[in-house]
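Pasting the structures in now, so scroll down.
Presented sequentially are two complexes of subunit A, the first with subunit B as partner and the second with subunit C.
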Partner chain A sequence: MMITPSVLLLLSIFSAAVLPFFKNTSVSKWVAFVLSSLILVGALILCHFSYYGILPMLDSLSIIMVMITAISIPLVILSTFQFPPDSSRYFYSLIFLLEAALLSVFTTRHALIFYVSWEASIIPALLMLFGWQKPRLNTVILKFFLYTFAGGMCLLFSLLVLYYYPAGAHSFDIFELIATPLPHHLQIILFLPLFLAFAIKLPIFPFHTWQPETYSSASTPTGMLLVALLSKLGLYGILRILLPVLPFGSEVWHKGVLVLAIGGLLYSASIALIQTNFRKVLAYSSVSHCCLMVIGVFSQSFQGIQGGIVLMIAHTVNTLGLFYMAGIIERRTGTLELDKLGGIKQRFPLLATAFFVLLLGSIAFPLTNGFVGEFLILWGVFSTHPILGMITGIGFILGAWYMLNLFQRTMLGATTTSEEHTLSLIPLPFSSLLVIVTLCGSVVLFGIYPKPLLAISAPIAKALSAGVSK
Partner chain B sequence: VYSLLIFLPLLASIIIWGFNKRLAIPVAGWLGSLSISGSFLMGLFAFFKLHNTGAFTVTLGNWITTNGFSFSFSFLFDSLSVLMVLMVTGIGALIHFYAIGYMKDDERFNSFFAYLTFFVFFMLVLVLSDNYLGMMIGWEGVGLCSYLLIGFWYENHEYNQAAKKAFLMNRIGDVGFILGIITMLLTFGSVGFSSVFAKASLLTPGLPAVTLICIFLLIGAIGKSAQFPLYTWLPDAMAGPTPVSALIHAATMVTAGIYMISRSHVLYSLSPFSLHVILVIGIITSAIAGFVALFQSDIKKILAYSTVSQLGMMVIALGLGAYHVALFHMLTHAFFKALLFLNAGTIIHALNGEQNAFKMGGLKKLLPFTWWTTLIGTLAITGCPPFSGAISKEALLTIAAEHNMTVFWILVFLSVLTAFYMFRFLGLIFLGSSRHGNHLHFPSFVMQWPVFILAVLSVFGGFLNTPHLFFGSEWFFHYLSSVFPIYFSSIHSAHELLFDWVLLLGSPVVLLVIWLVTYRLYAVKRPIEGFQVPAVLDRIYSVIILKPYFMFSGFLATIIDHVCIDGAIDMVVMSVNGSGKILRKAQTGKVGLYLLVMVLILIGLIFYVTGRL
Partner chain C sequence: MIVILILISTALFAMVGEFFGLGKFLKTITLLLLFTALVFTYSHISASYHMLSFSCVSAVFSSAILLFSLFTTLLVPKDESMLGSKLALLTFSTIGALLMVTYSHFVVLFLGIELLSIPLYVLSAGSHIKSASKEAALKYFLMGSFASTILLFGIALIYYETGSFYLSQIGSFLSIHSASPILLVGLLLTAVALCFKSGLAPFHMWVPDVYEGSPSYYTAFMATVTKMASFFAFFSLIFFCFGIAQSQWSTLFIVIALISITLGNILAIQQDSIKRLLAYSSIAHAGFLFIPLALFDPQSSMIMSYYSLAYGLSSVGLFMVISKLENGVDLPTFSTFKGLSSKNKTLTALATISLLSLAGIPLTAGFFAKFQILSIAYLQGHYGIIAFILINAVISGYYYLKILSHIFAPVGESDDVIITLSFGQKLFAYVLIFLTMSIGIYPLFCL
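On to the complex of A and B.
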């Protein structure tokens, strides 16, 4: 059987089209799960063939992104098994539309399709936000839309310039764009709109203000998809287009970007420290981690770029887990305000343990997935800019600080949850356990055995660091 | 095979943790204790193998591979690491056995042993790794277990705060340690001990890169070994159960910094500047902690500050370049400080959780076994010959006198300080009138025999390194000479012998005088709980760093994030919105107006185009 990216794409769209016909929730969730698993299997075969050169259709970067997407989606669907969202068939259908858009972005080499799919991914996200958010905060969603749309406009503008500028044959093929050297002054100018487009998507400081509100008003599965997958579009764009197409522009601006990102790292960590809402802490922590990835990727070193990619993978796993935890806690205690939480460990030792494992991953504890990426980033940035490297180190301390605060205020202490929620003390169902165990397991597994991640990210880092240092 | 030594505790920990509630209460304890005893036995085998074949390495597999660099899980067994293994597992096993009795009424008994054995696993990784990155795993790992155990009773807010503080203070050190590793990678292209030291030994002293590495690593050691200015976490760490204080915060984890600097002696010897820094930090730490220990009423805090002070002395030894002396004092300190902490635990256990020394007194008759062993521990720590502490301190004083007489006198002063606060400790608890309720819990046998063994070690442990004065051979220093270049002089001048005799005879006299003074103060009269030294450094940190920082964070969150950045975005949106409103007025719906505008534009266009032509 031929597995090509378009087969996966069609399968996603087919799933999205089919799902609305399953009116029964308990059926539709299984259909969604089976279909997403099917896509995962297809993605595995595709990536396997591509990686070993049997059918080289995807390069390493695409393989990573496709795998992240294909693995996350079944997990997100599985995580909704206990409490499926209202009119879940439409929700699942939207998830598949989102998957289709993401797979299209991650596999195409045509710049215009890249742009169209990029924008297309906003639509299902927007619908999920509109339809399934708890308090109807339309202004928040409007801000999210306008912000990302503005970013998309910058992207479109830059891509059009890239298309029209070279004399002779115009091309939208990304690899041909990379091969066509651009004059230096154009690279310097064009860097700005492109960077803006990707920085908003990630988001990094100071383009992040849409994010905490959006994440904290989104329903749990939507939040998981937004933070784990949609934010990765930004980094993918940087790695796929910004750095290779504008090597000179990147070199000129990299110091500015580093300072911005390191400032953002400390800034968002400081704000995370004093947040009083569980999801907002996670949201600012995510900004902080995105800044860290950008630091790595712009450190102009092999280790930094590799670390950025590895951290991106780790971040997907950890944020999926942490946002899911937030959902579980909210469902069971009725609140995410830290002042009202506490003592969950006493009632749910398992939940506390799982949360702690994810926390260790997120604060880059050795032998967890976060450490490999953050160590490489620190190494990369320290090797090119020692002073900035030292400042980045402060971010490590702050990161541990706000996460331990979060753990202490939710899990430790005496139980404070009121009696009305004793009903929700039923143990977690098998589906939730499966999600938690998978995520926590991969936190530890890829911490002890990061070899596959390092092996697959090495060629990308090699290509980019060679291009940059020229 | 020897890697099993490391994984035995891990295995036990996972089993205990996995079965948690299904395991009957003492079973988990025995499982943990026996696994560590097993590691100790294997450590002994490694010790003898070392004697026959010399140092050897065990490699398990690759961890991180990047761009030509490769880091593996690999363990080095040499005389230094095996010494550490024997100390960690030996004392670890004793404390585990003790904890079976101490924790038997706690409902989370099993979790406790899961954490404690997990700690031993990380400690073994720390001391056995043959490269700095592997050491980093253990380095952060022991910090994690320390966090879990300090905050073991997690219902208590203050304990949680103490645990978090310990983790974060250590984290500051950890970041220093990572930066040190990275600098090392950039300088030597490797983090393995053998290759780094081989390359470093070719360098000339005083290279800035090496000094930078040394300073970064030192920051790590300051965090882990509770030195000034990061020592404030250790007294708070006493919130944990007492066996934890004995094992982690006295005998093993806090000595990791001493071990690490000794391990890196090749680098430090190349950087006289960083040795000076170490010396100064050791002196400051030891002096501050010694003073503060004099004004504490909580018996665990007295011991905690005493630990900080003794660690400071080891750091002074490191600063003098006498790594073997530092390690020797570390070993004897592990014996008597574990002993003292376990006895403190017995006392707290006996008095139903009372920790205030001013509410004790007169326990000599009630707890005779504890009294005698505590007396031994006290005599050992104050340096009364021939107890173990005396021999290690004598070695320290001798080395100091060879280097620098100022340091020598500072050390003498610090030892006097030690004697003061320890005799005060002894007098307040055991002598004088009874100031407590009479309902006592007597320790069970399982809590007594580990104490007995530690007492024996505290008495005779020093003879591992019998000095020449007693016709000994300094076996311990010879043992370590395969790692450190130690200078042994075979001929001892009359001057040196005289010096040794003065120390030997002088110290009991001084101690006796101090004892008489403290006895009058704390045992004869009813002692008054007077002046308490507050945690000054904590206050300073709170006022200078924490409060302004939180205010700044609040400023960032409310003013910058909300008003400035988000406000600016809102302004853009508003202006778009506003211009839409203005433009809407043009949409009047009158066809005539539209036609007029169209015609005007067309005329304009025609003029423009013809003008261009």
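On to the complex of A and C.
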């Protein structure tokens, strides 16, 4: 059977169309899980063929992104098994629409389709936020939409310029855009809107203000999807379009971006320190990790770019896990305020252990997946800009500080939450355990054996760092 | 010609049908006749009668007008009082709109505008909310007659200089002679009158009041058919008369378009009444629609028809939702939409798709409509316009999303009424959704 990107796309759209017909929640969740696993199998075959050159339809970057998406979606669906959202069939349907939009962004070579799918991914995200938000905070969602929409408009503007600028034949093919060199002054100007578009999506400081509120008002599965997948669109855009198409522009601006990102890293880490809400800490930590990825990617060195990509993969795994943990804790204790939490370890030792593993991954403890990426980023920045590299190191320390602080305040200490929550007595079901074990397992596995990640990200980093140094 | 004859017979039938006991089938038969007219639109693509000229472009425009006339007639409820006369008035209005599309003589233009407007003056008075409706009707009538007077004055001045009412003769006169001040004033006054009718910015004052006061289904008619007809009339006028000295006019028209977009968007943000908001947003959309005209591009006609199709589909969708939600006592505000998502799934889907399309999000028709305007603006080197459109798209995104956020807001205990739709209404809603999505995903389908 031929597996092409469009087959996966059609399969996700088909799933989205079919799911509303399953009115029974217990049926619809299984249908959703089976369909998403089917897409995962398809994606595995496709990526396998592409990677070994049997049927080269995707390059390494697309392979990574497709795999991240295809693996995360079944995990998110599995994580909702215990408490499916209200009218879950529509929710699952929206998840598949989101998957279709993301797969389309990650596999297309056509810049206009890239833009259209990029913006189309807002629609399911928006509906998921509106329909299944927790404390009904419409203004937060409006802010999310306005920011991303403004970013989208910047992207559209830049793509229009890229399309119409070359004299003669116009082309929307991204690879032809890369092959057509642009004059230097245009690269310098065009860098700004294009960077703005991707910076808002990631988000990095100072365009991040929509993010913490949105993530903390979203329901758990929505938050997981937003932070693990939607934010990756920004980095993908930088790697796919910004750096290759505007090599000179990125060289001119890279110091500015580095300063911005390092400032953002320190700023969001400091803000995370003083947060009193579990999810807000995670949200700010996500901002600071996104800044870190940008630091790596703009460090103009092979190691930095490779580290950025590896950290992106690790960040997907870790945030999926951490946001899921936040959801579980909220279910069991009824609150996410740090002052009211404490002593979870005594009642749920398993939960505390899993949380600790994910936390180690997030603070880049050696032998976890986060370490590989962050170490490479630090190496990359240090080799090109030693002073900035040193400041980045401070960010790492702050990161360890707020995460360990979070652990201490929630898991250790006396049990402050009252025992009346009946839910707290129910042990975790098999589905949740499976999600947790998978995520924690990959934290450790890729920490000890990062070779596959390094191997697949090496060609991208090589191409990009060569393009930059030219 | 056949189309107009069919429509005249439709109107006559609707008027007398009630006396013959056909009251029940009145709407159905009217719709069927309108559909027949739509089928015959392409029967003569290039022909010209004394004062009418048919071309490929006018056929596209006429079919768009008939399509939306059909859609808005569908929205009129069956238990409307004096249904027959109202359907007849709508049909007469449609005939006027068709005359405005196919005119080649200024008298036909004037006739078309009057035929379009006079029935609407009457219809806009027929709302449940009497005082607002009366105000709307009076305002619409006064402003409309004022615009007609200006138009007549402009036509008279043009005739004084060129000695002709025919567009083609005026065009050839202008290509030989340089325009005298009197002729310029005449052209300007004609343009002003049409700006008035299309609700463009400095002449937009009547739009919000009339939209708010009229019953929703007639507002839908005004937002789609009237707007399209005046833009298509503008199109012929611009390409015959203004095209010769385009560089002089282009700047003026672009300024009008940009003022409309900005003013419409900024005033829409502050509105609390949904219909006023949509009125201001329609002013902004009129500005967008005016840009391809102002740029004198060969592709303008295609872009305009696509844009008006996209805008019309979403407007009809939204007005359908509003007319279902209205309780007949208060003017619809944001709270009217509150909790729609738990009341009716079909209407929620329709409202969501329509709002996203109006905001110009990809995969809906609205995106491609704006995209085409951006691309011709780019090709002509108007980078300022592009930046302007993009900024305004974000501003407009704000108030459309505000409506959407009310749709998904939770309902209070008091008003958890489930709204039910008949099968036909459901089908119509899905047709609208399907059309908006399909021409958004595959725009070549209708280009």
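As a convention for this text, the second predicted complex is superposed on the first by the 468 of 470 C-alpha atoms of A that agree within 3 Å, B and C clash if a C-alpha of one lies under 4 Å from a C-alpha of the other, contacts with A are read in each partner's own complex, and residues count from 1 in each chain.
Heads up, the rule we're going with is that a residue touches a chain if its C-beta (ideal position, glycine included) is under 8 Å from a C-beta of that chain, and two chains touch if they have at least 3 such contacts.
As the structure is a computational prediction, the values presented were derived from the model and not from experiment.
For the composite obtained by superposing both complexes on subunit A, the positions of subunit B and subunit C are in clash.
When subunit B and subunit C are set side by side, the one touching more residues of subunit A is B.
In the overlay built on the shared chain, the residue A:Q306 is in contact with subunit B alone; subunit C does not reach it. Applying the stated contact rule after C-alpha superposition, one finds that A:I448 touches subunit B and leaves subunit C untouched.
With both structures placed on the common chain, the touch criterion links A:A120 to subunit C but leaves subunit B unconnected.
Of the two partner chains placed around the shared chain by superposition, subunit B and subunit C are both touched by A:L146. In the superposed model, A:F33 lies in contact with neither subunit B nor subunit C. Once the two complexes are overlaid on the shared chain, A:G413 sits against subunit B while remaining clear of subunit C. After overlaying the two complexes on the shared chain, residue contacts for A:F375 are found with subunit B alone; subunit C is out of touch. Once the two complexes are laid over each other on the shared chain, residue contacts for A:P206 go to subunit B alone; subunit C is not touched. Once chain A of one complex is fitted onto chain A of the other, the partner contacts of A:F157 are limited to subunit C, with no touch recorded for subunit B.
With chain A as the common frame, the single stretch of subunit C that clashes into subunit B is 202-210; none of the other options in 202-210, 220-228 or 346-354 do. Residues 146 of subunit A touch subunit B in one complex and subunit C in the other.
Every residue of subunit C that touches subunit A in the complex is listed here, in rising order: 341, 352, 356, 359, 361-363, 367, 371, 374-375, 378-379, 386-387, 390-391, 393-394, 397-398, 401-402, 404-410. Of all the residues in subunit B, the ones that touch subunit A in their complex are 62-67, 136-137, 140-141, 144, 147, 151, 154-155, 157, 160, 164, 167-168, 171-172, 174-176, 178-179, 182-183, 185-186, 549-550, 552-554, 556-557, 560-561, 565-566, 569, 573.
Note for the complex: subunit A touches subunit B at residues 143, 146-147, 206, 209-210, 267, 270-271, 273-275, 302-303, 306, 343, 345-346, 360, 365-367, 372, 375-376, 378-379, 382-383, 389-390, 393-394, 396-397, 400-401, 404-405, 408, 411-414, 448, 450-451, 454-455, 458, 461-462.
Put simply, subunit A touches subunit C in their complex at residues 115-117, 119-120, 122-123, 126-127, 130-131, 136, 138, 141-142, 145-146, 149-150, 153-154, 156-157, 160-161, 164.
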